[in-house]
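Take this structure, written in structure tokens, and hold onto it; I'll ask about it next.
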Amino acid sequence: MKMITAIIKPFKLEDVREAIADIGIKGITVTEVKGFGRQRGHTEMYRGAEYVVDFLPKTKLEIAVEDDIAEQVIETISDTARTGKIGDGKIFVSPLEEVVRIRTGETGNEAV
Amino acid sequence: MEALTQLTSQVSEISYALDTFYFLVMGALVMWMAAGFTMLESGLVRAKNTAEILTKNVGLYSIACIMYMLCGYSIMYPGGDFQGGVFNALANIGILGKTDNELGAVVAGDSYYSGLSDFFFQVVFVATAMSIVSGAVAERMKLWSFFAFAIVLTGFIYPIQGFWKWGDGWLNVMGFQDFAGSGVVHLCGAAAALAGVLLLGARKGKYGKSGEIKAIPGCNLPLATIGTLILWLGWFGFNGGSQLQVTGVENANAVALIFVNTNMAAAGGLIAAMLLSRLWFGKADLTMLLNGALAGLVAITAEPLTPAPLAATAIGAIGGIIVVLAIVTFDKLRIDDPVGAISVHGVVGVWGLLAVPLTNADAKFSVQLIGMLSILAWVFITSLIVWMVLKYTLGIRISEQEEYEGIDLHECGVEAYPEFATPE
Amino acid sequence: MEALTQLTSQVSEISYALDTFYFLVMGALVMWMAAGFTMLESGLVRAKNTAEILTKNVGLYSIACIMYMLCGYSIMYPGGDFQGGVFNALANIGILGKTDNELGAVVAGDSYYSGLSDFFFQVVFVATAMSIVSGAVAERMKLWSFFAFAIVLTGFIYPIQGFWKWGDGWLNVMGFQDFAGSGVVHLCGAAAALAGVLLLGARKGKYGKSGEIKAIPGCNLPLATIGTLILWLGWFGFNGGSQLQVTGVENANAVALIFVNTNMAAAGGLIAAMLLSRLWFGKADLTMLLNGALAGLVAITAEPLTPAPLAATAIGAIGGIIVVLAIVTFDKLRIDDPVGAISVHGVVGVWGLLAVPLTNADAKFSVQLIGMLSILAWVFITSLIVWMVLKYTLGIRISEQEEYEGIDLHECGVEAYPEFATPE
Amino acid sequence: MEALTQLTSQVSEISYALDTFYFLVMGALVMWMAAGFTMLESGLVRAKNTAEILTKNVGLYSIACIMYMLCGYSIMYPGGDFQGGVFNALANIGILGKTDNELGAVVAGDSYYSGLSDFFFQVVFVATAMSIVSGAVAERMKLWSFFAFAIVLTGFIYPIQGFWKWGDGWLNVMGFQDFAGSGVVHLCGAAAALAGVLLLGARKGKYGKSGEIKAIPGCNLPLATIGTLILWLGWFGFNGGSQLQVTGVENANAVALIFVNTNMAAAGGLIAAMLLSRLWFGKADLTMLLNGALAGLVAITAEPLTPAPLAATAIGAIGGIIVVLAIVTFDKLRIDDPVGAISVHGVVGVWGLLAVPLTNADAKFSVQLIGMLSILAWVFITSLIVWMVLKYTLGIRISEQEEYEGIDLHECGVEAYPEFATPE
Amino acid sequence: MKMITAIIKPFKLEDVREAIADIGIKGITVTEVKGFGRQRGHTEMYRGAEYVVDFLPKTKLEIAVEDDIAEQVIETISDTARTGKIGDGKIFVSPLEEVVRIRTGETGNEAV
Amino acid sequence: MKMITAIIKPFKLEDVREAIADIGIKGITVTEVKGFGRQRGHTEMYRGAEYVVDFLPKTKLEIAVEDDIAEQVIETISDTARTGKIGDGKIFVSPLEEVVRIRTGETGNEAV
């Protein structure tokens, strides 16, 4: 199993969620994060003093998937979240050794 | 005998002072309504547009005061004995430029309160009308175009129709009844707002592709609630001060009745909206209750003096029903009004005007209808023209990107809640 | 001579107008207290229950106004010359149904302010009493049961004991002293609240399994603070208006003294609670300071006219001490009152009543005790019965699941701060 | 004849009542300014220091009331006929200890309002002066040292210079003009604040290592906005009440003009600050607008009676320009004033005083300068000494760790927004 | 070493924290997240318009553990967080190559 | 590739961010978390009742890096975030199988 972690622009969340639901993904965990990347924050003035907002609000999705559909999920996210502009975000894939569904105690692919 | 003359003069002075003081206190309460609109609107928009709506509200109040001083008051009350002083202030900056009533005229019974207190009371009314617009166009209009519109509305559009009724113009002569301004103030503001909203379009994301209506919840309901309660309090000044005089048993009784009726109408509106909302939606939607209370207040404003308290409660309650229906209907029509201002002040303003003949024998339904339509047509059409001009010059709508990120960052450069809400 | 008669009549009219105006302004300040309670309570509950407490507060105010108009005022002041007019409004919807004092009666000295201004002043008092209940039962009571109780309290329970004292009933005849209502209003509200809280039980999670008391911090202390300051301001109307007349040197001096004493008592209460809280807990717990100020205000309400300013400060300060002790004690007794309403209005209300004989020679301690116990017993017992009936009909407590998720979603369908706080 | 005498007496009583009532209402509005400062300051600090700034504001108000009662009023008005009563209250706790004007003196024309109403009006002014300090030293001062300073300022430093002008001391004799206190109240508060800020140093993180100025945004701009609007409303009482009497055509007209001018100056200040901020920073920085409105109010306070409304607007507008320049300048000088209090009340207070001769022929520029410098020097030096003493005894600055974690946890033990903002 | 990531119902946090403290776990990192799974959000009305809250508030626990107690920790969380109702959450286990305690510089099992 | 996850004291964020930018790291994702470790929370009084704040506010950094600079990044974070006092935090290193840059579709080391 894989854990797919995607950092996307917040306003793409709804689209991405729908797109991966369409390919059968039932579970996602979403976190509000602040991102620091090539896209730079903006400079603001507050009472005449400069004020750099370095971090940009981003949304992190975590999706545990079975090995065989990982590729498809990555592509779907990538296609849906792309605007072509800087700051579109990244997808990270890491190995997952075990998954447990708390309600039933099921484990492995069953539990994803 | 001389003692008696002197005493008479002294009594006139006290009476003049009491009426002036009453006027100023009532005016201060109406000024406080500016805070009410500010809080109500800032509670009903999203966090990312809050600093801008605050800016709009304090800015429009200031603009209204300045424009009304410069020309609005003179346009609205051309025959008055005071406006000259204010208007001429332009030519007499400094020590000169203000004349108020003199003792002789007061004792002779020609004037019973300070002309400047009248100006103060009137000026805070203009700001109220303009505040109505601010909520309806929230979350998507350019700040500076809004201010440009404020200049025209408060300096010209409002005073002209105000003159028709309160400046003793043709509507007044015809017998049109609008005690404290369901039409002159509230419908006026709502008509200007409607014109703006139609040109502006709905907020991005308010209506789905497949036509569904999406809720965009307000971010801070305690603020919306204190805003409503401020307006409720301020309305005692709005209606109570419109009796224009408190001295004399009849006047004092009238002001007391107005206070009672104003309060009862708000209570009636709130309860009616609450029950309807419970029956219809299954929940006591707080924002509907608040709109219901305001609807009750708008409804009674056209005539707070002739109904008995129970009738006032009923007039307010019908306002509360109407406002819920109107809000849902406007949403179905895809007329996006984030705070319900057009429903509260416009639709219920119409109800207020048309309800006057129910309790006031001097009012005629036909005349009320003419008055209502005249105000609506005048304000809507002139506003539409001004909005149009703005649309093709400064532009009235912010860019999609700006709307997404929030107007606050783009127009005000500050966030309203930098530590609490993450801008999207 | 005719000139003199006319002038005399004119002077009566001015005096009548001034007293009516004074009454209305004081009443408007008391109405503003509704906003104070609303903000105070919404600041001291958790975010997930905020929309509901806002709903409860604006709803109860409206219910109080309507019920008091329908029957409360007539029950409380049966011998008055005005209530008939209001009550008969039921039968005379529309133009008729209101009678107020006439010029003749005024000149003859029979009435010195508008009857409707009295109604206005009284009606905002009822709402105050009911507001007290709202805070104590917060975060766990069913909305509609609360409103059902509000109907009974404001329409019947409050007016009946109000009649005992202010309607010239037996407590008044006996010499019971309660100038502006430490007992009639504050203890009354607190007694009704206590009955409700006892039946309702504590909030889930307030007391641990092993008996420990857990803190459930309020979510928005700036709101609690502005709520307190609103109440402080409104209290000038509450106590200042209870002099009932400002005309005349003696009355004017009295009103001025009441303003000073009211202010000093609040200051004393705040400082005393601050010092005690610093010594006891090591920190200046802001919520205790706010309760201390309110305690000072409740304490002075029974008699704001006989103490000198320094004595008023002391009476308030003792109130501030008592309220801190009471809050901690109730918590130990597992009587869960999220905003401290029973301590502030009940325990300190008792202190206020019993402190009257210290500065007022006309008051007897024994009579004060009888009055206090009568009010407490009457309100507590009748309230308990009403709460019982509600418990076994509508139910008074929300489900555990609803309590966990917050009442807002279940009763109001909206969140108070959808962008800031994540509901658990 | 007897009828006439009686009527004359009755008229005097009404007049006395009206002036007393006017004074109390104006005083209540000024008391309301305490809420304004509280909200303004709590909106402009960070969430982690919010409970403490709330505590400071309600605490200082209470301290100011108590100290002014104990000695401040007697120091400031030593020749008055009333202070004895208040002061002697110390010796006469209980029933005695208060004397107010008697009917005879009133009819004889010796006193035209209640002495206690004067005390009430004056006491809320002291609190205003002290509130100014609270904002400037925010986010880094020890709570109890602040309260210690409050005792000295409100009990001694303020009343002494207040005596110079309003107690008919040497500044008054010299012809120094300061109608409602641009100098006596606002400059006084700002001078005390400046002394404190200089000793205290800037907030950690305000100025970078390499000298750059960093913005520390306020956490809740709706609160800052309602705070400003409360102050705006309260200022009608502040300036309007300073006429001291409303009875009589001239007085009534004066109060009306003051209301109009106060309102126009605020509007002018807001608009000017908005335009300058737009031109200079590219954005309509809401916090600058709010400071601009307050600057307009401070500017007109020294003389709200002689300018015509347009001139008042201009005086306010210049205040609005000055305040923006001052805020940026102080920041460049690394004088860290989180809410801009020294700029608003100090720098613009100076402008207000020096602008008096522009419209008031009785004022001399040189005398205004002397008065201004005297107040500044007296308050600055005495405050500096008191702050020094505190620095080397209690200490005035919290530890770096406490500053990092927020004063709320360390001084108040509570968080202002426990569910919204995560303390760093 | 393993990184155990558990998504649980927020009101179970306290219980879970106590339960795993009882078996000797000293460190946990907690994040508020929004979950999207089989349990669906609720539909609300706001001013007459429908308003679907799709995401449910969930709490994410991250716990780094030595290999040999991983099983026990998973079971403890699973048992404590279970209500048997939909939405109970999931546990994800992934490999952890290194752990460093910043204060001391210790690494590996020492640092957990 | 490695995913480096660091839990640090919030006030060290700025310093750490600068330090790792200096060694060439361009992307970081930051989350506000609550930490539970050896450093215990404080006990508060609210209205006379005790009130234990068990969790401490911490900041979580996630940084995907190429294998060869992982060590250097860990050291930099560790050095910069250290105060020597309890609660300094921890660094977790886990394997990363794939990284995708959404904007361009690049993968692997290119995408980091």
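In order of appearance the chains are A, B, C, D, E and F, and numbering begins at 1 in each one.
The working rule: contacts are C-beta pairs under 8 Å (C-beta built on N, C-alpha and C of every residue); 3 or more make two chains touch, one makes a residue touch a chain.
What you are looking at is a predicted structure, and each value in this text was computed from that prediction instead of being measured.
*Asks:* Show me the overlap between the contact partners of chain C and those of chain F.
*Replies:* Chains touching both chain C and chain F: D, E.
*Asks:* Figure out the least number of contact steps between chain B and chain E, where 1 means they touch directly.
*Replies:* Graph distance in the chain contact network comes out at 1.
*Asks:* Counting contact pairs by residue number and requiring over half to coincide, which of C-E, A-B or B-E is equivalent to C-F?
*Replies:* Repeated interface of C-F: B-E.
*Asks:* Given that chain A and chain F are copies and touch, would you call their interface same or different according to whether over half of its residue numbers are shared?
*Replies:* different
*Asks:* If I superpose the C-alpha trace of chain C onto chain D, what rotation angle comes out, expressed in steps of 5 degrees from 0 to 180?
*Replies:* Rotation angle, to the nearest 5: 120 degrees.
*Asks:* What whole-Å value do you get for the distance between chain A and chain E if each is reduced to the mean of its CA atoms?
*Replies:* One centre to the other, that is 18 Å.
*Asks:* Using mean C-alpha positions as chain centres, tell me how far chain D is from chain E in Å, no decimals.
*Replies:* 53
*Asks:* Please report how many Å separate the Cα centroid of chain D from that of chain F, as a whole number.
*Replies:* Each chain reduced to its C-alpha mean, chain D and chain F end up 47 Å apart.
*Asks:* Enumerate the residues of chain D that touch no fewer than two other chains.
*Replies:* 4, 7, 11, 14, 18, 25, 217, 220, 226, 281-283, 285, 287, 413-414, 417, 420
*Asks:* Give me the residue numbers in chain E that touch at least two other chains, ranges are fine.
*Replies:* Each of 31-32, 34, 44-46, 94-95 in chain E touches at least two other chains.
*Asks:* Please list, in label order, each pair of chains that touches.
*Replies:* Every pair of chains meeting the touch criterion: A-B, A-D, A-E, A-F, B-C, B-D, B-E, C-D, C-E, C-F, D-F, E-F.
*Asks:* Would you mind writing out the residues of chain C in touch with chain B in their complex?
*Replies:* Spelled out, the residues of chain C in touch with chain B are 3-4, 7, 10-11, 13-14, 16-18, 20-21, 23-25, 27-28, 31-32, 34-35, 38-39, 42-43, 50-51, 54-55, 57-59, 61-63, 65-66, 69, 86, 89-90, 92-98, 100-103, 106, 113-117, 119-120, 123, 143, 220, 223, 226, 411-420.
*Asks:* If you look only at chain A, which of its residues touch chain E in the complex?
*Replies:* 3, 17, 26-31, 64, 94-103, 105, 111
*Asks:* Spell out the part of chain E that touches chain B in their complex, as residue ranges.
*Replies:* Spelled out, the residues of chain E in touch with chain B are 44-51.
*Asks:* Okay, in this complex, where on chain A does chain F touch?
*Replies:* Going by the criterion above, the answer is residues 2, 6-8, 31-38, 54-55, 58, 60, 74, 77-78, 81-95.
*Asks:* Under the stated contact criterion, what part of chain B meets chain C in this complex?
*Replies:* It is residues 4, 7-8, 11, 14-15, 18, 22, 25, 29, 46-47, 217-222, 225-226, 228-230, 232-233, 236, 240, 246-253, 255-257, 259-260, 263-264, 266-268, 270-271, 274, 281-287, 289-290, 293, 306-311, 313-314, 358-361, 417, 420-421 of chain B that touch chain C.
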